[in-house]
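Same chain, two partners: subunit A is paired with subunit B first, then with subunit C.
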Partner chain A sequence: MSLDIYEMLALSAAVVAILMLGTSHLRLNFWLYGIHTVIVALEAWWIGGLAGHTDELFLPNIFGAIGLALPQHTVEALFFGLFKGIGVPIFLGSIVDKVKVEGDTGTLLPSALSMHLAIILLGVSYLLSAQLPVLSNDADTKIGAMAAMSLVFSGMLLMLTRRLAISQILGFLVMENGIYLFALTQTHGMPMIVEMGVLLDVLVGVMITGLLLFNIKKSFEHIDVTQLTDLRD
Partner chain B sequence: MKELLILAAIPTFLIYFSLAVPKVSITRKLTPILHWSQLGLVIWMTWSVLTGQEPRITIAPGLALDRIGAYFVVLTTAIMASCVTHADYFFEQEKTSIDESSWHLRIFYACINLFLFAMTFVFLCDNLGYLWIGIETTTLSSAPLVYFDRTKNALEASWKYLIICSVGIAFALLGTVFIFAASQHGGIGNGTLTISELILRAPALSFPLLRLGFIFCLIGYGTKAGIFPLHSWLPDAYSEAPAPASAMLSAALVNCALFGIWRVVQITQATNSHSVTFELVAALGTITVVAASLFLVRQHSFKRLWAYSSIENVGLMLVAIGLGSGGLFLLQAINHSLAKAAVFLLSGNIIQGAGTKKLHGLHGIIKSSPMWGGLLALATFAITGSPPFGSFLSEIAILTASANTNHWILAMFLVFAIALSFVAICTHVGGVLFGAPKADFNAVQPLRASIVPAALICGALVLGTVVHVDFWMKLR
Partner chain C sequence: MTQDILILNACKWIAFIIVLFVSPPILLGLVRKTKARMQGRVGARVTQPLHDLLKLLKKGETLSSVTSWIFRSTSVINFAVMLLIAVLTPWLSFKPQVFEHEIPYYAAARAKSADVKQHLPVVDGLSAKKDAALAKDLAVSTATGVSFFDVSTTGSDIFLIVYMFALARLFTVLAALDAGSVFGGFGASREVTLALLVEPAIVLAFASLGCAAHTSDLNLIFSWTASNPIMDLAPLWFIAGFALFLASLVELSRMPVDDPTTHLELTMVHEAMILENSGRNLALVEFTHVLKMAVLLGLTGQCFLHGFYALAKFDHWLVALFSVLLLGLLSIFIGVIESATVKLRWTKIPEFIAYSVAMSLLCVFIAIGARR
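Right after this comes the complex of A and B.
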């Protein structure tokens, strides 16, 4: 009953996400999100090394041209960790600075309760992952699938139970991490162009929502999404 | 590869042009001209596939154009060109209410071009991953279009649009991962996301994973298209966006999302078990049509009325996809796009003239402006599916197809829902057209405000009278 290092990484990412649910303090959430994304990037690097992915790609050729011989999975993990793990928390932190969120309008569910709910959903994902067919050349990818599914659930919980608009963005990002981790553990990663494209789209999405958020604060004087209910039938 | 670069050339140039040139009226006049040339370019490039001489053109690994995709590309470019032509007049009228710089309008035009390129890209995709990237890019590039007015309501609408559609498309990504895993377990070695290869090897794919992937993709792309429980962003976004943007969103964007569903359905259909696609997709489509027609009965705002009519048509197209017929899906999409674009553009004119979006504030249009009122009446008939317009033929064809495959309950619900929505829409539009005309209706009605909607309605008429349904049915 010992865990491989990639399973340990996946599970610690899931646990850090559950920790995120336990606090509604925004700076702490950003830190935890950054740590959790870097863990997922490390896992991407580790699994990439295991699987030895060598399909169509051109970025390592660019790196090779400047004298750095980096294998593909390192490049991918580097981009992911840098942009999503470090860039996004810095960007969101700057938005929060400009928006000057005073105090915390709280959550729709008490933090302890949402953490317990997330742990129950971790158990549910364990049961669900037992139903999936397993990759034939790896011993046990079930723990990775369980961690990924629990990440998706935690992301959904974050989106549904928080009042601040910025927590909705965080919840969406955690969900994306969960889906990425799922692709990683079940299929050893999708083709590189697709993953880079996904990363780019998610980053641009975060930037646009950040700008919108800034304008919401200017117009509505708050960023509480439960009060965005003017448009109704 | 060069086809992709040719298709990207005009939009990219226009993006830079819109952002760089400070005098936005030049951009407003130049964009329609270039978009119509883009349409000519697209038709010339895809001519061999359109006429059936070649079954598909391969552009690059992962990008290929088959016949239905080619028709969709032509349709999308034509709709964008028409909407942009009308937008020139619309923004000229609107100029009096924009007191800030023209920066917002320049961003609007830049996003329109990115939007056009992203949609063209979606129809070219032969790879599920690229399809996802394309559809997410269309979401991101259309959010600034919804946000154009910069009012509080527009902000709320674009926030809901962005968040709900991004979460939905994230689910579609999960579905794509499942399909990729299914291909890895199905003996395709490292797995593939290429759609044509997946269709070829479909019976060998691991079915449980494929079914899971199909369901997630349906939920995900369905959120983008506006399927019943997940449609809540749609009426808000369509009513807050300016009229040309609503026309583009409704007439071009839903086709993209449904095209994504169509590709995944093609893969699932190539396996030996059809029941999943028939029951789930067609049932979901029918539920959407019924729900939309129920919503249509009680409406208060003009553009929300047309938004719910779009949801109804999305349900009909979903039924066509669920029945497995690409030709019917294409036919309904073309008819819906032409009529819906005409309707939204005319509504934009009327709302600008009357100064209010609410239905109780709009009445007597046929006396204030006989041209717009008459065109609105024709467009309403076109969108609700009455003869002699093309949507009548497509709806009859869908009902016939569902009856031919013994889906009697579906056909019954569809007939009920279409009839209900016809009555509801005609009642509301009748309230708008007839009655005492408003005294302060803006009397400026140049002819060029009516040209584009009139041309679109003529197109719908042509499709209903001249082109025979069999032509579409043979388009597989």
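Right after this comes the complex of A and C.
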């Protein structure tokens, strides 16, 4: 079993997401999320190159104006990596600065155990990916599906086992990356307009949840989601 | 033919003994030098730990009146166990022959795996290249009987090695309890707790490598023959390397787990256990500790080296050279880690060790996947 770059990128995205579960230090979590998203972006770029979506962007007025003729898949991967891999972690980091939290004390499971559970779920998703009625029945798509499902599981665990609202955003973002990776590996590239739409949705979602966090903090004086059921004036 | 083998083996013994006795203190010196440089100090010479050891050997020894024979014999037992581990395990890319029956044993093992290899169909250019490498490998080993880079020791079963480490730890703990000091007591308690947590990581990492290599002998797992079934599994090698590296930080009581330079007995783990040792006794304990460092870092380095070798093949001379250089690089890396991180709170340490176990679990999955 020697892995090619396609499989190596997909699996390393899954592994970095699993490592996020092991620490409750928020800054480290953002860093790992950034790395993980950049790996997903690289995967998107690589798949775009493989699928031959290298024709130039037919919205030439964006990059053509500054004299850049970038292939479509490069532009997509660049947007994805810049906005989600670098922008979102910086934005979340600034929120953490303002609401003054540092770490997350897990609720349901200790973070070490949830990381090990995520690895077992990686094994489960390996078994599941073999059962999947895939479009093209090659090893690449199976490994891609496995990594994507593992990402969804990791995001779910992150949302379930964490106490702070900001970690819930992080879990949601990891799940979203998983769904994106699934679509990417099963279809060998989506139309640009779909990808841009998804990216925009996620960015707006993160902005709104960021604003919500401030309001939660203001009215509850903490961002602990397990105590949000207490009603107050 | 036999004379060639004898001369070769003599060369290997000389090179091995030099590295075995000189490099471990120098590795510790490298860690300290890196830390000093990162803190803006000049720092002691790299060879300073070597001089310290020689100085300690000349000094007299103070013994507590409550100690029994265990305390005195522990340092000797640990030294002997660690030397045996160092001779048996493939922590360098060159190893001397210890027992006489080993060459035929290895020839048979190689012939067997070559036989398996020849029956595999040539699918693409990659496997043709592999076959060429294998043929070259065989040519070298049949010309001289055995080449300089064959790891020609047997008997380093995974579990034997892991539990020899545990034996050394048992005696360290016994000696700490024997001296009857309070600090020795809780140093021992902490050491045993850490050992309990970190052992699954090491065993799983080695076992998954063994599972993928179809053997439980460390020397066969880390053999440089092209016919080795895990020669191309770069991800497995790298992840196992990370797992072993994190585990060896714990085993060697380095920074995120234990501060080796602390003066506060309350926070010590390893240092608390050897507070009562002095003079020659302490010299042996210290040398055992640096030797353990060299062996564990060497095994880690071998994992990474195999990983790089799986990605891009390079010459056998370079392999031997890199195996020594990697020891130095890893200890410099430890120095950087120690400067950049703080000692973790005791309750946070299981979280750190969990990363090592997680890496080992990943190794297990990759190994199972490779077996299917």
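Operating definition for what follows: the second predicted complex is superposed on the first by the 204 of 233 C-alpha atoms of A that agree within 3 Å, B and C clash if a C-alpha of one lies under 4 Å from a C-alpha of the other, contacts with A are read in each partner's own complex, and residues count from 1 in each chain.
Throughout what follows, a contact is a pair of C-beta atoms (placed from the backbone, for glycine too) under 8 Å apart; a residue touches a chain by one contact, two chains touch by 3 or more.
Predicted model only: the values in this text are computed from it and were never measured.
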Combined model on subunit A where subunit B meets subunit C, clash or fit: fit
Which of subunit B and subunit C A:Leu19 touches, first, second, both or neither: second
First (subunit B), second (subunit C), both or neither touched by A:Glu176: first
Superposition-derived comparison: subunit B or subunit C, residues of subunit A touched: B
Subunit B versus subunit C as contact partner of A:Gly197, first or second or both or neither: first
Smallest distance from any CA atom of subunit C to any CA atom of subunit B, in Å, after fitting: 25
Shared subunit A contacts, counted only where both subunit B and subunit C touch the same residue: none
Subunit C contact footprint on subunit A (complex, rising order): 1-3, 8, 11, 15, 18-19, 22-24, 110-113, 115-116, 119-120, 122-123, 126
Of all residues in subunit B, those that touch subunit A in their complex: 61, 127, 129-130, 132-133, 136-137, 139-140, 143-144, 147, 150, 152-153, 155-160, 162-163, 166-167, 170, 173-174, 176-177, 180-181, 184-185, 190-191, 193, 206, 208-209, 235-236, 239-240, 295, 298, 300, 304
Of all residues in subunit C, those that touch subunit A in their complex: 232-235, 310, 350-351, 353-355, 357-358, 361-362, 365-366, 369-370
Residues on subunit A engaged by subunit B in the complex (per definition of touch): 55-56, 132-133, 135-136, 152, 159, 165, 168, 172, 175-176, 179, 182-183, 186-187, 190-191, 193-194, 197-198, 200-201, 204-205, 208-209, 212, 215-216, 219-220, 225, 228, 230-231, 233
